[in-house]
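One structure below.
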Amino acid sequence: MTSTRIDGRQPDQLREVRITRNWLDHAEGSVLVEFGRTRVLVAASVTTGVPRWRTGSGLGWVTAEYAMLPRATHTRSDRESIKGRVGGRTHEISRLIGRSLRAVIDYKALGENTIVLDCDVLQADGGTRTAAITGAYVALADAVEHLRGLGALAGEPLKDSVAAVSVGFNSAGVALLDLQYEEDSAAETDLNVVMTGSGTFVEVQGTAEGAPFSRDELGALLDLGTLGCAELTRIQREALA
Amino acid sequence: MTSTRIDGRQPDQLREVRITRNWLDHAEGSVLVEFGRTRVLVAASVTTGVPRWRTGSGLGWVTAEYAMLPRATHTRSDRESIKGRVGGRTHEISRLIGRSLRAVIDYKALGENTIVLDCDVLQADGGTRTAAITGAYVALADAVEHLRGLGALAGEPLKDSVAAVSVGFNSAGVALLDLQYEEDSAAETDLNVVMTGSGTFVEVQGTAEGAPFSRDELGALLDLGTLGCAELTRIQREALA
Amino acid sequence: MTSTRIDGRQPDQLREVRITRNWLDHAEGSVLVEFGRTRVLVAASVTTGVPRWRTGSGLGWVTAEYAMLPRATHTRSDRESIKGRVGGRTHEISRLIGRSLRAVIDYKALGENTIVLDCDVLQADGGTRTAAITGAYVALADAVEHLRGLGALAGEPLKDSVAAVSVGFNSAGVALLDLQYEEDSAAETDLNVVMTGSGTFVEVQGTAEGAPFSRDELGALLDLGTLGCAELTRIQREALA
Amino acid sequence: MTSTRIDGRQPDQLREVRITRNWLDHAEGSVLVEFGRTRVLVAASVTTGVPRWRTGSGLGWVTAEYAMLPRATHTRSDRESIKGRVGGRTHEISRLIGRSLRAVIDYKALGENTIVLDCDVLQADGGTRTAAITGAYVALADAVEHLRGLGALAGEPLKDSVAAVSVGFNSAGVALLDLQYEEDSAAETDLNVVMTGSGTFVEVQGTAEGAPFSRDELGALLDLGTLGCAELTRIQREALA
Amino acid sequence: MTSTRIDGRQPDQLREVRITRNWLDHAEGSVLVEFGRTRVLVAASVTTGVPRWRTGSGLGWVTAEYAMLPRATHTRSDRESIKGRVGGRTHEISRLIGRSLRAVIDYKALGENTIVLDCDVLQADGGTRTAAITGAYVALADAVEHLRGLGALAGEPLKDSVAAVSVGFNSAGVALLDLQYEEDSAAETDLNVVMTGSGTFVEVQGTAEGAPFSRDELGALLDLGTLGCAELTRIQREALA
Amino acid sequence: MTSTRIDGRQPDQLREVRITRNWLDHAEGSVLVEFGRTRVLVAASVTTGVPRWRTGSGLGWVTAEYAMLPRATHTRSDRESIKGRVGGRTHEISRLIGRSLRAVIDYKALGENTIVLDCDVLQADGGTRTAAITGAYVALADAVEHLRGLGALAGEPLKDSVAAVSVGFNSAGVALLDLQYEEDSAAETDLNVVMTGSGTFVEVQGTAEGAPFSRDELGALLDLGTLGCAELTRIQREALA
């Protein structure tokens, strides 16, 4: 069977993934992560101390903020700063990224330090949230190294690595890995899978945009997502090597 | 094995579910839905016409807004109207409810009519989003009947019914159905399942609050969620009979 | 003379008033108050301590917030949380309720405790602010009992009870008690009267929507309001018995 | 009996009231109104047309906005523009001024024109809302003349004049007219009375800041308010002569 | 050559400048400053202490806020408090006024005191920012005297005086001093010059609204601005005498 | 004399300037502009039509928005989208960029098209506004070419090119060109100069952060700025060649 994907990929093939570390000079960790034409700049900012509700607990904190530049997309969007409010989608993705990273953090080992991951989409071509999670892990690892260099850690805060990928069915019912924009728009079902480096699930978010899906279809998507996350884990390791 | 659930339920047992239709006088459909002590008031509002971006398409629209009264919870929360911004969690759940209902809607049959589902949590004890979806479907069905009575439909807009339930593992590794507040807070893994009356998946949202989960554990949760949704579908049918 | 009121009431007759205590499980006091089809859920939340500007004074504080669910009314209103600002009418009524309750509070006896009364209109059919005040007093009394049970009071904080009712003239010049929605919309003059259980005035707010009114007309409305508040005081006592 | 008022006035005496017309060059009507040291600048702005919900009705519209400069008061207040939201008190007074003026307007004679009254308090010493209403009527009358000069009226839009004054009891139980700041702060009961030039009531807003008041006490305040409004009506006529 | 200016002034002639001190009773310094028909009310508010980021430094702080009343202009503008956000022009001018005043302040001599200058434009006819700066210096001087009277100063906080004026070319290429509204609107190039009493520059803000300007043209404008500021300095001294 | 500049530059030397065109795939013009470590991403978005107030005039429109990523700076800043308001500095710079570009635009030749320049600072090391203007001109030129390719122009909309640079005195009184962050922070006087390719001034914004400056000092800064803008104009031409 020949592939019918827009960019000539096989159904189970990732786009070209590039992770460029230290893209910024000021941040304690920074990554330009690219999934094909999707390009996300991740900056990890370390501060001593934790939010007020956590002070004195001896535990650290990790959080994330996601945003898109106005012209990341095909047509320009209004800035949320000018609209004066953060949209629902932005909120939702910020929360997803934060939860995903916290799933591999040992708060005690991190000590009372906070790491904020800013994920700004410079260019969007589908899969911005999965690229953001995948890149944010690498920036997080660099920020953790920075803290280690300062002697500010009480152990190894990274219990595991974490990566994410999208999967979905095209209209012909073929399961596709790492959807780019046109594929994402056309997909009947869309699943974002966030997995640890050791192969367990952190988040599974499946949505039937078109037709509801069966248990078997869900299984096929999970298989493909597992494969994609394993490959992304390998790329993260190389980048950090 | 004896149940260790706080309220004496079996692991695979729903809380008492009550669906009271026509709780309001003005709304075209309205339901007070209760999952145990969780109590959500759903009002369906019908308006002729659709949002501007959809005008002239011949297609209808369904959307939802979720909110909590300040004292729905154990301690009082500040009002989002007074804070001047809608929180991320509120946004996220509103979007989930809207997508879930739209998954069973035939826009063409609905014609250029809009139905807004307001889901206001009067009392929260875990599972507010799943109760909201389950109740909202019933209010939606009543609003559709209202439109049918006006001769405003171009066919049957309801392709299927939709219901939702939460499932999760307690610290002993037992899979529990329909988590109430304390169980939800303690769960290592939490999965919200939204399913159609015919047993297919509309949304699957799994989150590892504590430890990441394996494919087998995900399978166990999906089994339990499928069972719960089937039971909720039965209760919805009774309510609408 | 036969009554011409829409719902068959005599001009000086209240709608059926129902006060259901303990409608919520979490709040320290809660009431579902109904004036006919007007239905307001009141939750009293107790917290130790007072706002910063009052700290160390030895005095307590009582405040209120009023809001309407989007579909409380005949046609759906936009949520103030989504508009990002609280409207003038909402502000005005919240302030009225707060002042009315504070008029019967002995701050010293309350000690440095705060009670917030959330009055959420589930269904509106005229008189939502007067129903809210009348119900809020009962929830407040329950919250005070809660504090008494904790041994947190320095005396009896309730100096009196407080209730409220609306009165107005219909187009035929007949003075009507407790206006429902259609009567309220049609009234030339509208007066809200807030009175203590011992028969003194806390607030008198008269507005000539149509024609300005004379001193005699004001007197007639005050007579009727006095009568209505006395009856509401009786109903409050029964509810609290 | 000798007066005990701070500024030597008799209990039933107004402060010196000054109404300076045409204080601004651009506005269609403008007044600097002073009640003693309280100083309010009122600008009436005329625009052709009415708000959308009124278009095509043949009826005009009158509305008002009230605000305080940051240093109108003894200590500086934060600007509402910088806080990003209009406070409850501001909203409430704006609404009161608007209703008061509309009570004397014949919308049909005004035709589809809008008059906005901006009432900006330059200096506050009690009675800002009553000064604003009293001055706004004069600015409104000038704006109406402006429209008459343009031939834009369909008759006489001013059915009557309108003025307002505050009254209250001091701690010795003496009823005082036109409270300045210290008197207002100390008053047990506070009543704002808005009356037409022909002596009928437009608004009566009485509040028991301290002790609730009896029917007789309310009567005494209404007598004094009636007297004060009559005097203000005379001053308005002189200003407009 | 005869002047062609709208109001008959010579090209290098200021409008009539009036500075009325103590226009308000509460503020520690206050000035009504008029540049022809442009009328700005400046209130200086003194508070003990400085913003948090400056606490403990022993240094004082001076800041400014600029705003326009809705009907200061030919047609009414919406209030920024109601729009819920401060516009870019307002921000920009507030910052300019604050910087200009701080340039002549010795923070150490001021001690840990804050002076806020509120500049509210009551009527706008061009040059509101320059009138505001010129008047604000006088109000600042009065506020400094107030602090001196309290023995709260550690020396002389005013290192110099500061004044401002606008200059620009009309369409005939004539350089004009102190542009009023019509001249300002028509000017190809507009320069605001802020200078100390001793003749040095604090701010120079030149903008080519129409055609870019040459170095010689800039020189001519700077000459004229220098002349205007010297004259304003003289008027400030007279006012403070 | 040996240079004392932090990075070894001569006083009259620009940092290394890099202009990378077509950095984005979707935008009609896009540039990554770097002044040393200052890095600004500019996207030009073309839309048919102009804002409402300009419709039907036959004239085009050009506007700009400036913003900083949270970690563009040494320490992380809060997002303006989350604060819910755009800061004064952001507003001020957005307006400056817009005016600078419009100064070289022939609106008639542009026709009723709008070009929005989004200038997002990825990394800040001083001179972000001057880098933004310099880069935005290049992106604007590409967007104009795009419109030309569509046959949507009525002539040549670019009357000239425009570039900008900062100049200032260090504490030793040496005039420096193109200040990087530490130099900018330490400068007593700071001047931003915006000039056309043909050597005339579009904007001159001088601020005495420390000591006010004399006419001669202003002259020296203008000389240096003129030199810097000429060099930047050359670099722009190369980039566009």
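Order of writing sets the labels: A, B, C, D, E and F. Residues in every chain begin at 1.
Here is the rule we go by: a contact is a pair of C-beta atoms (placed from the backbone, for glycine too) under 8 Å apart; a residue touches a chain by one contact, two chains touch by 3 or more.
Labels paired with UniProt names: A, B, C, D, E, F = Ribonuclease PH.
It should be emphasised that the depicted structure is a prediction, and the values quoted were computed from it without experimental measurement.
Undergrad: Starting from the defined contact criterion, work out which chains touch subunit C (Ribonuclease PH) and subunit E (Ribonuclease PH) both, please.
TA: Touching subunit C (Ribonuclease PH) and subunit E (Ribonuclease PH) alike, sorted by label: D.
Undergrad: Please give the intersection of the contact partners of subunit A (Ribonuclease PH) with those of subunit F (Ribonuclease PH).
TA: Output, common partners of subunit A (Ribonuclease PH) and subunit F (Ribonuclease PH): nil, no chain qualifies.
Undergrad: On a C-alpha centroid basis, what's the spacing between subunit D (Ribonuclease PH) and subunit E (Ribonuclease PH), in Å?
TA: Centre separation, subunit D (Ribonuclease PH) to subunit E (Ribonuclease PH): 33 Å.
Undergrad: Distance between subunit C (Ribonuclease PH) and subunit D (Ribonuclease PH) based on Cα centroids, please, to the nearest Å.
TA: For subunit C (Ribonuclease PH) versus subunit D (Ribonuclease PH), the centre distance works out to 27 Å.
Undergrad: When the centre of a chain is set as the mean of its C-alpha atoms, what distance in Å lies between subunit B (Ribonuclease PH) and subunit D (Ribonuclease PH)?
TA: 51
Undergrad: So which stretches of subunit F (Ribonuclease PH) touch two or more other chains?
TA: Residues 84-86.
Undergrad: Viewed as a graph of touching chains, is the assembly arranged as a line, ring, star, complete set, or other?
TA: Ring.
Undergrad: Please trace the ring of touching chains beginning with subunit A (Ribonuclease PH), moving first to subunit F (Ribonuclease PH), and write out the chain order.
TA: A, F, E, D, C, B
Undergrad: Looking at the complex, which residues from subunit D (Ribonuclease PH) come into contact with subunit C (Ribonuclease PH)?
TA: Residue list for subunit D (Ribonuclease PH) touching subunit C (Ribonuclease PH): 85-89, 91-92, 94-95, 99, 103, 160, 191, 195-196, 200-208, 211-215, 218, 222, 226.
Undergrad: Spell out the part of subunit F (Ribonuclease PH) that touches subunit A (Ribonuclease PH) in their complex, as residue ranges.
TA: It is residues 24-27, 30, 37, 41, 43, 45, 47, 65, 67, 69-76, 79-86, 90, 116, 118, 120, 122-123, 125 of subunit F (Ribonuclease PH) that touch subunit A (Ribonuclease PH).
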